[in-house]
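Once you've had a glance at the structure underneath, I'll fire off some questions.
The chains carry the letters A, B and C, assigned in the order they are written, with residues numbered from 1 in each.
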Amino acid sequence: MKVSLPLMLALAALAATLVLVGCQSTQEAGPPIRIGVLASLTGSLATNEEGAVHGMELAFSEVNNEVAGRTVQLIVEDAGLDPGLCLTKVQKLYEMDHVDLVLGPCLSSQGLAIRDYIDRNKLITISHFCSSPAFLEESASRYFFRSSHNSGRQPTGHSAYIPYAVKGYRTAACVALDYKAGHDEMDGFKQVFEGLGGNVTQEIYAPIGTADYGPYVARIDLENADFVWSFLWGDDAVRFVKALDQYGIKQRVALFFTGAATVEPPDLWAEGDSALGIEDASHYSPALNTPANNAFVQAIRDRYHEEPTIYTEHGYVAARMAILALQKVNGNTSDPEAPVAALEGLNFEAPRGPIKFDQGHSPTQNVYHRVVEKVDGKLQNTVIGVYNDIGPYWLPPELRQAEGG
Amino acid sequence: MPQAEQLALVFLDGVAFSMLLFLLAAGLVLMLGVMNIVNLAHGSFYMLGGFVGIAVGVRTGDFALAVLAGMGAIGVLAFAMERFFLRRLPGNTEQVLFTLGCVYIIWDLSRIAWGSNPQLLSPPAFLAGSVPIGDYRFPVYQLAVIVLGALVALGLWFFVQKTRFGAIVRAGADDREMAAGLGIDIKLVFTAVFTLAGVLAGLAGVIGAPILTANLTLDWQILTLALVVMVVGGMRTIQGALVGSLVIGLVGTVGTFFLPQLSMFLVFAIMALVLAFRPRGLVR
Amino acid sequence: MVSKLSGTQRLAYTLLLVALGAGVFVILPHFLSSYYVLVFAEILIFSIFALSVNLLMGYTGLVSLGQAAFFGAGGYTVALLVTHAGIENFWLCLLAALAVSALLGLIFGLLALRTTGMYFIMLTLALAQMVWAIVWRWRSFTGGDDGLPGIPRPDLGLPWSLADNVSFYYLVLAFFVIAVFLLYRIIRSPFGRTLVGIRENESRLQALGYNTWRYKYVCFVIAAVFGGLAGTLKVYQDGFISPAYCSMSLSALVVLAAMIGGTRYFAGPIIGAAVVWVIRSIVSSYTEYWTLILGVLMVVVVMFARQGIVGYFAQLREKRGIVKG
């Protein structure tokens, strides 16, 4: 039993029209400053990204959601983990919601997917992650900034420097997730560690979502490694760290990882005691004991009843960057060039410490030597060393001549 | 040059993983054989069982309770799905499509209930710790999983081959009309089989949680592996499910150890080979 | 459907529908925002995909949970040619994508069509996952998890650029019309009727001397080719590709779309594709429960409205026709 095709097509068209027309936004950009947020609110990073959005909201609430007399409106969109969805959403934010500025997205793959679009439309985008070096190099855009770090160089450079120069390790077995950022991180680590004179004896890559880390961990050659270096996050980090403990690797070799990964909260909390004693180098720790950070942590606890993570801090700082830049241009969002210049000149105190943008659109900041400890029954990354003024392209002094300074 | 102890580690790890796969594949084989359906929500059962088990285990600190909770929760879910929905659907295709819709529902409800942070369950205290294997160590818990898997396999074999109920299940699988003619309530058999498969999946989810954690990508991931196990092992017998699980579990683990860049691909390569040369699976 | 209208009335009726269709599909996009044109184009692309899947599912009765393999194969062929071989000619890339999808269909069809029913479902799922695994792990070639970005809109030598969403929409519309026309002709042909016969009672047709396997095989390959077409259009639309284009969730989503729209009606997959895509793209902005909504919709359709949305209205119309007498 069938119905005529033309009729059904017409009905389809009608239905589609009704939906589309019904959903049409008729608003024009008015007095409020509209800021779009691209966050990965579904998928494995969802809870982290909720924290990031909380950080952003906190920053805006601290200025009473107002900059230069204009109300700030946040429009949050879920970009999932899919670059395609992110592109769809940024177009929606720009063309439907007429946002003046975008915060986010999280994944470098998403940032790369929207790069051409934001560049073409001169849409200032301040990502709270997107740490790929590509954003400072081949995919740099005048309108793209980030509040995070530079994969492979900062803080990874210190994850090679501290083991070599401070701890005296000479050989490393390295494990990283098998995707672009994992390769960037491993290459960055190798560049510094081998440049200083160390030897990377194993480079092991594991696909994201690996169910069983047994074979990867068993592969680590205990005879030929002074320490194990790694870059993983999420469930993979949890399984990996547990496996290191259960398979006896942790008992036999030192572990020194790169920060903003592997033993970073909230993964740290799931890893439990298996993570105790693991050291890393990172540009932030929720346990950093400074007035600025203590105030930030307390504010997040009071407002959201959660513990802040690096995602929360990154989100907070991205929003702070937007606020400070908008304040400097007196809320004038008609010309994108002025806020860009303002962003490039920023120099302020974030929960993580001092941050400025003297070497590009990625922060120059502190790097901290951290170790996982249990304090009051809770795991934290205690700061045991500070390195100031580390730029996104940081290299140890011994290697700077080779690079040309 | 890998040392013997590394190989031993990886081999044992593979067998433990195989046991988890077996618990799932056995349920799928039963459902396929008796009810002629593929439960696309089987991976979701595993995932949800893990989430429930972790929630109970973390709150009460009682691992046994967590296991029972996982088994019970999925058992109830499976029972409800079969009794109130699958039974009302006219054909196998519709039933399979129903289970597909359930995948989405279970996924989103799990996401809402437990969020997306990594979740971990600690093994019970008496199974914590590792045994030394040369310079390395192997978790006692995973040895226990191997033993449990073997026991379940034995139990299932006994149940299907030696008990009266098992005979009824086999009869229902072989010839529905005859079984009905003999006075067997085939509807009851269906409900029992589906529920049993669900319970096994829930069990796998909980005992797998300390090894694989529980997260929102597990449903499709583990379903794929379980289906590959069925293709490789032969879709009709519990023995086939066991053989398939061991092959895939070991190839996956040992293969990854030697060729980490090929990991997942090796599993599918085996499947492709089996399809090309032994399309009915390794076990007749 | 028995028409009670006279010849002239029918003509006027049809012309009205055509005008309406032209109005909506051709003229309206000029006035919609670029974002909605984008979604509209994605709906058309997804419709082509859903129609291809329904050729197998609705008309032949073969439920395949692995059609994303062909969608992704088409997309990746284009992406690889553009990125690695620097080939910019749209027609060359399109032909290559269709050829690769067809080839994959020929191989998978041989393997999968040895089975039917449940085994067929499992096998198609497993085979598609194999494609996904290869694409996902072969980082040096396919970019692995990161995918391949930087695929420019095709240059067809037209006086206007396809870089903006509205112009590209018209290209998609053209392919949509062609695909709908071709698939409609296939369904209406003796070949198509045989497919329905296979769905209804394969053994009977075999007894009558039909080589049903051959019909199923051809159908499978045709579905693969149209799936590859959809994937090609999508990769040009997005400008990049990732393993998500071959994923199991995409295979499931397109089956969902066909079911929700109605598998026994030609236009069913089109409606279903629109509904599913709107939920995914637009509803997702208003609620975080859109996956749940999709699942519930699927369950409701399977339990209570197996004829799908189109079927529901069609049957309503029939009943009314009976009542009117």
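Heads up, the rule we're going with is that contacts are C-beta pairs under 8 Å (C-beta built on N, C-alpha and C of every residue); 3 or more make two chains touch, one makes a residue touch a chain.
Predicted model only: the values in this text are computed from it and were never measured.
Using the contact threshold fixed earlier, the set of chains in contact with both chain A and chain C is B. Note: the chain lying farthest from chain B is A, by mean C-alpha position. Averaged C-alpha coordinates give centres for chain A and chain B that are 36 Å from one another. Inter-chain centre distance (chain B to chain C, centres taken as mean C-alpha positions): 33 Å.
Multi-chain contact residues of chain A (touching two or more other chains) are listed as 42, 178, 207. Residue positions 136-137, 291 of chain C each touch two or more of the other chains. Counting partner chains per residue, chain B has residues 111, 261, 263-264 touching two or more of them. If you check the complex, the residues on chain A that touch chain C are 1-17, 19-20, 23-25, 41-42, 77-78, 82-84, 87-89, 91-92, 95-96, 109, 112-113, 116, 178-180, 207-208.
Residues of chain C touching chain B in their complex: 61, 63, 65, 111, 114, 117-119, 121-123, 125-126, 129-130, 133-134, 136-137, 248-249, 252, 255-256, 259, 289, 291-292, 294-299, 302-303, 306.
Against chain A, the residues of chain B that register as touching in their complex are 2, 6, 9-10, 13-14, 17, 111, 115-120, 122, 130, 132-133, 135-139, 211-213, 215-218, 221-222, 252-254, 256-257, 260-261, 263-264.
Touching chain B in their complex are the following residues of chain A: 42-48, 178, 204-207, 209-212, 214-216, 218-219, 222, 234-235, 237-239, 242, 246-249, 251-252, 266-267, 270-272. Residues of chain C touching chain A in their complex: 1, 14, 17-18, 20-21, 24-25, 28, 32-36, 38-40, 42-43, 136-137, 139, 144-147, 149, 184, 238-240, 242, 244, 264-267, 270-271, 274, 278, 281-282, 284-285, 288, 291, 310, 313-314, 317-318.
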